[in-house]
Each structure stands twice: as structure tokens, then as C-alpha cells.
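Below are the C-alpha cells for one structure; questions will follow.
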């Protein structure tokens, strides 16, 4: 049966300086399907979608709309074909309100030329927000919103375009379960209306639950197009990575926990958490779980000394600390923040510069900096974590998300950290890299380090952690020992009964 | 009762205007009136002096002594003062319009002429000369340089190597002079349109171990010291102190309905090795000459 | 993956971007000199070259400290006013005590304290540097005017004046000072942990802080250094013109900023070099020197400088793009 | 115009901004200490004096919101004023002269915009360069001299009144409302927020970032041309140094008014208050006959204090 695809890309190639991001990739979308696009970090998924929506221009290749050859050289052209995108990196304007963001570039005109009809924009925005079940005043400026709320606005923005083809680049990375469910319901409704959806995700569960078809990209080429029913997760991962990979992370036996490394007592802070008590021992991984917005990040930042606290005490290796990231780092604490682009990396600087940043004081105790030694140290980390970069000098901004995350972790390895806080370490990371990060965590605790790990994916907490705390509305509402650590228990504690 | 006189000068940095201000204050003390100084916060700012005039009109002082930042651009300010009925005495730079009680000044042109003559005579009526101009377009600079040039015309054997502006500033003059010395291996004289530029030129010459005679204008304290030590040949006396004194005295006389002259032009005096002694006394310690002394001179 | 192996090979052959840029800019200077040499025969004489170097020293000293500030994505608009106040205080101290050393300590100390104050405004009070230093500029100017009351301080001991007008082995003293601080500044920025941290702060202050860099303290340091360099520059001016006056630094701020920018340092922070700033200072000084030598009407000066600034930065952005 | 329209998008912080506090304190202080201060004549005087600065500070707010800067605006004002004067003297037509001044503003705005948007030169450097060019042209055209002999009809624009209100205040109020409408009620304004806040958002929305940037700087140039008319009328002449440094005054007023330098967040009313605060301070100090050197220091203190108050509040 030859179905004429709704839209087709053929022979797309795209080269960035030094990287062949896409090499002769072809891809087609049919009406009413959810087409999963998977691949390792840096495989070229986001790049392909940016070409589809006109944000980048392909070096070579052609487009077909309903079988007719067309050109897409900017986003207006893409929009004409009904292509809308939910970007991996938000495209929201902080000091405009939600409604203005949703209709940016498509404002309703008032009678005066050039003027906009604010009332209509707000009304329409309200309609779209209601449609996706997001209950918020469209007059709220976006800069005050949390990550999840921003993601919802981003989704509303794409949906408001009445798209025929909707691209979602890791839309659930920042969403909680409730919002994820709403999104999935939305997707089902759209599918019924004949909208084609391209869905990029690193979560294999989503791939198999949602997908009608799967396309795998590897190193900028498309490797396979398959049906979920005919594939197993292991086969898919093998295709993505190019070799068989053991993704079923098996928890190795851990040493018996040693001395208390971190001891937090009655910690409260102005950023909305109070009376936090927790301990982490050498050689154990402790989870900090809870819903998005429950204040885990704030606690982590406060422990690291990045935010002010109003009460309580933090002891690291028995010594009181607090209020200074410098001292925390020197005493052997590390923070892998949740947003790598704005908090974890200096994007314009090179991979090498980023990797040595946190360890400068340890690598060069004299205060003098030697580029040769720094480069050697950076190279060792790159090899150890298998960071895919052609050179040390490449700006870290040009790496894919997963490799960027590895750089953020890597910079603390040079700093001889003994206690690590990982805030959503696997957000936006492919399966292969995820397994590597977990192995990395294991390696760290085996060498006697202590880890506090925040994750919104309960399954991760259950698999990795030795025990876990659960937070709700800025308080710790429970501690789960290893034998109690199940998804059900976390959810029970995390959601208000 | 206390009569107040508002005094407007161009900036807070040039010693010349400081001498004017001291002059007005000395005279005021002697005459039993009060003076208030108004100086633009940004040196030589036209809009700001205009605003200050407008603000002062609100306060209605009894009289105003006025040096316009620019002799043409401040005419609207003078007209506003006239309209407010406040008597205003113009000193130093002659305003291009408006009604004044009197004008007190010295003639830039004739000072430039006489001090340049002094230098040209000292180099024997022949040789190579450089002119350092002030801020381009300012009345002061234009007239002084015109005086320099007319003195040059009287000495056809003197060659003008270059005439470059150094904005009345020491550091500018130093660097312009350093650059010009690269092009001209032999320089006999430097005519600078004010003292700071003359000092800059002297420093440049000394730095390069070269000799040339230098003159400046304003008769500042520093210039007098340099004349005494023989580094500066001469400085034309523009006499800000006396202008301040006489301007204030005329303003007060006018208030008291006493007769005043319409114009007082101070004679050009060339300060050099022969006559610098009276100028060594700091302005703060000098006494104001009376109007009669000046006019009868 | 064998990318790591490739990394090892390639990085040895890739010239650093900064080095390439400095190279392009040096090429620009050479080109400019070649053009000027054909226009004026005195241009390429040793004397004139030394003369240009001596004149650029002042600009460079102010701009070198400023380079560090701009590397952190900040700006210091108060350096001109700082030079004025430092110069006047140093001049007073020399006059009163007769000791050049005390005067020099005063000048540099005053500059550093002002820089420190800037640093505190920017870090502790969180005022954007552009505005904090603009306010500081006005306050310093006010204090200077008040202190000097329109007077001039003149005539310093010859041994102090050596600093500005003296020669050593036929080369003017300011040139030595310039080279010394080029080395110190370059080493500080490229070869110290602090320098690396300063680059990181410019690129992303949040990341730097979360990587254990004491951002506030480094910023305060950077502003203090910029202030101290302004103080040092004020001494060179004093020694060169042998007098101090309230308006001594007024016209020096924008040229110093221009020198840094023409030298290729990005206003957005995180990239640039002190050596580049030297080249920037040289370019700007060369232009003025040439205009004097060719006796061009000085009205052309702002226009030509403006065009040169635009050209230099434009060529720079082009070169950067080609380099990538 | 609906107040809701600006209350949310416009206010950077929903509490009393530093500039308002500063302004109230200044007015109260001067009102008590200086009898001439709180008179209608003096208030009109302050407002009139503030008009030219406001005409520059309005577009400066917009430009700063796009994470840009226009250092050339004072020099462009100067050059436009000279062209206006020269044209009116040569042709006798004030209309033609005004158009010529606007033309100068347009050219420089366009030049700035193209250099920034197309040639990718950072705004600070671009406008530093064009500042030099405008200043140089002013000097070359006039040879440093004032241009005088302008017909009285032009002066009327500054000194005239309508219904007892000075013309300049009417013009400035008009300019304020136009800018307000532009910023908060048009596409242009919406995209200005996006230019500073997230350019990528604009790009994917299919709006030309370059085109918008150019428009923003053209707006700045045109307002400078407009301000040149007031400046020429005020001085009844044109002078090559008249507008020197006004760009920094405008930037300071914008900053004092609470517009942020970083995030595409601006507050136009704050700019208005900032301009008036500077005017009140200068006027009050003059009325109190405070020595000029102290005035200079006070202006610096005003800038720092206003931002300090804002900073303190933001921390809470």
C-alpha cells in the first residue's frame, strides 16, 4: 500500500563546523500517527526537527508536502504547512504574559494599524489553556513560572497554531506525572483529529506506550524505521547505540554505609522549605523524591551554600558549613544542578575550560595555571566519561544535551569531591548515557563518596538509591528505607492524601 | 539688607575662572554684598548653563555677573534675564546679544598680538614657530590665534610650521607637541593660546631635550612660577581676578543707582621676567582695584 | 568511541582562537603602519615609534585593568574620574611631603580604594556595573572639583618625573611600565587560577558560583585592580605633564573603553586578552599621531576614530567567523 | 488605555519603585527648604527643562530593553540640530529644516541598526563609532562655531505656550504617550520585549530579528531628530557641543527609572520619573545655591541610591 505521506524529508544533510550533524537523512510523517524519533544524545534529532520547522536551513535535501516538492527556508514557510514545534529549549519571552507568548508573531490586530487586540489575545489564550487543562491566568508574566508551567505554556503555544504536524522535543522532561497524563490525553485527542505528531524522547516506556512508528537516528544517519509491536526495547537500544548495550541496570552490591558525611538539621530557608532533617553516609546513594515544585532543588542549593538559609545547621564530615559555594566545593561537596545550560555550563567557553573549572583550586594549588596540565586532566575526564567532542577547544554549547550533562558531572571529578548532589542528573539524557551515569554513581560510592540524588522519575530512585526521603510542599514527609522503597510508597507520601 | 549677586562662570577646572570667582568674592566682601556661584556641573555645557539661568531667575537675585559658556548660544538666556528685569553685567566673553549693564573684558586679540610680538622679538624676528590653538570655534581661541597670526605677518622671516588645536588642555598639548616634534627637527618658538597648553609644550620640549621659547596666556600662578624659573618666556595677562572685581563692582554700583561705564577693557599686559613680582601673590590675598583705578589707568 | 583519541591528536594542532585573533589584529596594525609610512616619511623613524609607544602607554595602563572588568561582562565608567582624583591627591601628597614614593602610594592606593568601592556597589549592593560606575564617576568628579577648587598643582621632583619623561637605554620609561604590565596582566589572565575564574565568571556567573568560584570576591578584586591601574596611570600622567588639575581624566574614559573593544575583548564577557588591548591602544594612538604628523584638521579626529573603531571591530567579527 | 494593560507587563516589581521614593523625598525636601521650589512657575520650569532629556530617554528605554544601547543619541541630536539650523537659514523653511533633522536622525538610526543587526557589531561599539562620526560631522560642518540667525518662528516652539502649558511639555507628553502606545499596545512593542527576553522565540515565530532591531534604532534616531528641534529652539542656535554627554544622562535616567539592563524588562513610566528626578535634583540644588562641585557629587549619589533601593527591594 502506498500511502502518500503528509510530509516527507528526503536526503537531508546538515553540517556544523566540525560536525556532520545529519547525513542523508530521510523521514516521513503520516496523518494521525505518533512518530517516535529516538537516538543517542547528539544523534541529530533536534537538528532534524529544526530543519523541518525552518529554524535551520539544510545543506542538502528536499521536502515534500502531500507528495508535492516544496521549500522551507524560514519558520513562516514551515508554519504555512501547519508545522508547529514544542522546542527542547524554551522559546518564551520572560516579560510578556502567557497569552502574548502563546500568540507571539500571530497577534490579533485591533482596528488601528499595528495595534494589537489584547482582549482577544487573552480570550483566545484562555481557550487554548483550558483545552489542555492548564488552569492559570493568561495575564501572568512568564518569568514567574516554574519549569513545568513554562513547558505547559510552550505546549499551549504549539497547539494554538492548529497544526497538522506537531513536533514535540522531549516534552515530558520537565513535567510531573499529572501533567504528563494530561499531555498524553491531549496527544490521543489530536491523533484522532488527524494531526501527525513527531515525538522525541529518551524514555523507552513512552516510546513504546505512545508510538505508532519509530525512527532511529544514529550519528546523523537514519538507521531504521520500525513498528513498536515488532521491536523489543533491547533491540531498539542496540540500534540506537550501534552495539548491544545492557540497559537493565542491575544494582551492584554496595559497601555498608560508613561514617555520616552530610548531616542536615532543622534547615529552613526563605525559598520555601522548612525543618529539613537528613543524613547521608559514605558509600550510599540517598534519594530525594517528590513532585515537581516540592522544593527539592531549593534544599539542594541551600545545602551547597548557593541560597540563604534562615535556620538550621549543615555539617559536612562533621564540620559546620553553609552560605558559601566556595567552601562547600573546597570541603569536597559537588552540585550537579538541574539546568545544565544556565547553571551547569559556561556555554561559550570550551569543553576543556568547563571541565577544569570546579577543580582549578585542587589541580593548581599554587594558584598558577598551566594549560598543558589542565588539558591533560580534561582529556582524562573526557575519556573516562566518554564525552563525544572532536576537540577540547570546541565551545560546549555545540555538544548535544547528554554530552553537556557529562561535562557538568566531569568538572567535579577533578575537584576530588566526596559528596555529590545530583539534581535530575538524567534529564534529557539517552538510555546509553543514562546507564553510564548510573554506573558512574556506583563507581563514586564504591570509592567511598556519598550521593544525594534528586529525580522526578520515581523508578530511578527505586532502582538506584539505598534509601530515600520524600518531600511535599517544602517539607520532608517521610523517609523510606531500602526495603520500603517502591514507586507506590513514594507516590503515597508525595501526593497529599 | 543683603543684596545677592549670582555669578556665572564656565567650568570648575580652569584656574582662570577660579580667579574670576575669587575676584567677585573679594569685591563682594569689600562692598558688603553676597555672591552665589553658578558653574555647570559638566564643564562648558551650554544646555546646563541655560537651565541654571532659568533656575536662578526663579530665585530673583538682585543682579547677575555673567560669563556665557558660548557667546552666541547663550543669547536666549540673557534675553530671559532681561525679561525678568534682573540687571546683568557681562564679563570676559562678550555676548552676541541681549542688554547688559556693562561689559568688562580684555581683548583676546590684542593680548594674543602683544604676547606673540614678545616671543617673535625674542627669537630675533626669524625662525620656525608652532601655534597651539584652544578649543576649535571658541571665541577665546579664535581671537587669540588671530592675534598670533597678525604678529607673524609683521615678521615675514618667521615661518609657521603648524597650527594645531590642543583644546586648552595640558595633556593634549603635550602629545600634539610630541607628535609635531617628530616632523620638525627645528622649532624656535611655541605660541600657546593658554597657559596649560604652554606648560604641556614645555614638558614635551624638555622630555625631548630640545629648546624653544614658549609663551602662554592667562597669567596663571603656574605660568608666573615658570617665568620666574626661566622656562616660560612670557604670559599674556588676561586678569580674571580684576574682571571679577570690576564686574561685581559695576553690578553693585548699578544697583545703588550710581553711574557706571558701559564698557571696561583691561589693557593687555605681557608678564615676563621683568615684571612678574606682583603676580606672585596668590589671588586670594590680593585686593581688588577700584573702578576708578582701572579706568584712569 | 574513538572520539577521545581524535581529541588528543587534534587539540595539538588547533591554534587557540585568542591567538589567532591577536594575530589578525597585529596584522591590522602592521597594515595601518604600512599605509601611514607611505603618507609621512617621519612616521617610521625610531623616534616616532618610541613616541607612539610612550603615548599609548597611558591608554594601555587604564585599558588593561578595564580589560579584566570587561572580561567579567562588567564596565568601569569611573576610571577617568578615578585618574583625576588619584592624580590630584598624589600631587598634593608629593607637594606636601616632598616624597614621590608616598605620592605614588597615595595615587595607586586611592585608585584601588575607589575600585574597591565600585566592586562593593556591584556585588554587595547588586547595582549593574554600568550604572554603579557611572554614579561613581559623578561622585569622584564632585570630590575632585571640590578638593581642587579650580586650582592647579604644579612642579614635581625630577626623580618622580623620570617615571613619565625619563629614558632608560634610549627607551622612554612609560614603555617599560607598559611592557611590565602587559606581562603581569597577560600572566594574570592566562596563567593563574584567578584569571581562569574571571573568564568563567564573564561567560556565566551562575555556573561559576555553582562551581565553587567565589564570584563576589573575584569581582571586587577585578574592580579594585582596574581602579589601581587607573591610579597608576594617573602617576604617569602627573610625571608626564608635571601638574594636576581637576579635569585631567575627563576625556580618557571612552578612549580606554574603545581600546579594549578594538583589542577584541567582548563586552559580553568571557573572551578577550590583555595583549589585544595593547594592540587596541596602539591603533588608537597611531591614528592620532598620524593626524598630527599629516596636520589634518582636528575636526576630523572624532570622525576618523569612530570609523576606525567600527572597522576594527567589524574585521574582528569577520575574522572570528572565518576562523570557526 | 486600560491600566491592566501595563500593570502586569510593565511593572518590574509590584511594589513602590526606588525612583518614586527618591522623587517624593527630593520634592518634600526641596519644598521645605526652598521657598521658590513649589511654585507653579518653577514646576513648569523643571518640566520644561526635562523635555529634551525625556525625548532621548524614551527611545533609550526601548533600546536598553532589547539589551542594546545607543551612545550616539546625544551626538546625533547635536548634528541634527546643526543640520536643522543650517537648512532653515539656507532655505527659510522651518518645515524643510525639521524634515532634514528627522532625516539625519533616520540615517544614523538606520546606520546603527544595520551595523548592529546585519554586521553583527555589538551596540555599544557601533554607537560609540557613530557617536564619533556624528560629532566629527558636527565639527566639520560648523568648524566649531555656533550656527546663529535662526528665524524666531523656531524659537517659538520652545518658548510658546498653549492654554498656559509650555509647548515643550505638550510635545514631550505626546512623545511619551506615543512611546507608551508603541511599547504596550502594538506588535512593535511586543517584539521589543522578545528582542531582549528571548530572541530565539522571535525567530521561531517567523519575525525578522534584524528588521526589528533596525526599527528599534531607527526609532531612537528619529526621536533624536525630534529632540534636535527642541534643542535648536531652546538655544535659538545650534552648537557642535550642545548635546555632548546627553546619552549618558538619558541612560542614567532610564536606569534610575528601574529598567533592567539584562532581561528585556522595561518600565516607561519609571523613565519619566527618572528624568523628572534628575531635573528636580538639579533645580533644587540650584535654588539652594549648593556649590557646583557638591551638585556633581549629588547626581552620582542619586543614581546609586535609586538603584540601591531597587536592589534592596528585589532581594526580599
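Quick notes on this structure:
Should a chain be cited, it is by its letter among A, B, C and D, assigned in written order, with residues numbered from 1 in that chain.
Heads up, the rule we're going with is that a contact is a pair of C-beta atoms (placed from the backbone, for glycine too) under 8 Å apart; a residue touches a chain by one contact, two chains touch by 3 or more.
Bear in mind that the values here come from a model prediction, so they are computed numbers and not experimental data.
By C-beta pair count, the most extensively touching chains are C-D.
A separation of 30 Å divides the Cα centre of subunit C from that of subunit D. Centroids built from CA atoms put subunit C at 35 Å from subunit B. Chain geometry summary: the mean Cα position of subunit A and that of subunit D are 43 Å apart. Counting partner chains per residue, subunit C has residues 145, 149, 299 touching two or more of them. In subunit B, 12, 136 are the positions where the chain touches two or more neighbouring chains simultaneously.
Residue positions of subunit D with contacts to 2 or more other chains are 139, 143-144, 291-293, 295-296, 299.
Looking at which chains touch one another, you get A-C, A-D, B-C, B-D, C-D.
Subunit A meets subunit D in the complex at residues 53-55, 74-76, 79, 85, 87, 89-97, 100-101, 104-107, 114-116, 118, 139-141, 143.
Taken in their complex, subunit A has these residues touching subunit C: 17, 304, 306, 324-326, 328-330, 335, 337, 342-349, 352-353, 356-358, 360-361, 364, 367-371, 375, 379, 382-383, 386-393, 411, 415. Of all the residues in subunit C, the ones that touch subunit B in their complex are 40, 42, 45, 47-48, 51, 54-55, 145, 148-152, 154-155, 164-165, 237, 240-243, 245-248, 250-251, 288-289, 292-293, 295, 298-299.
Subunit C makes touch with subunit A in their complex at residues 1, 3-4, 6-8, 10-11, 14, 16-17, 190-197, 199-200, 203-204, 206-214, 270-271, 324. Of all residues in subunit D, those touching subunit A in their complex are 2, 4-5, 8-9, 181, 185-188, 190, 193-194, 196-198, 200-207, 263-266.
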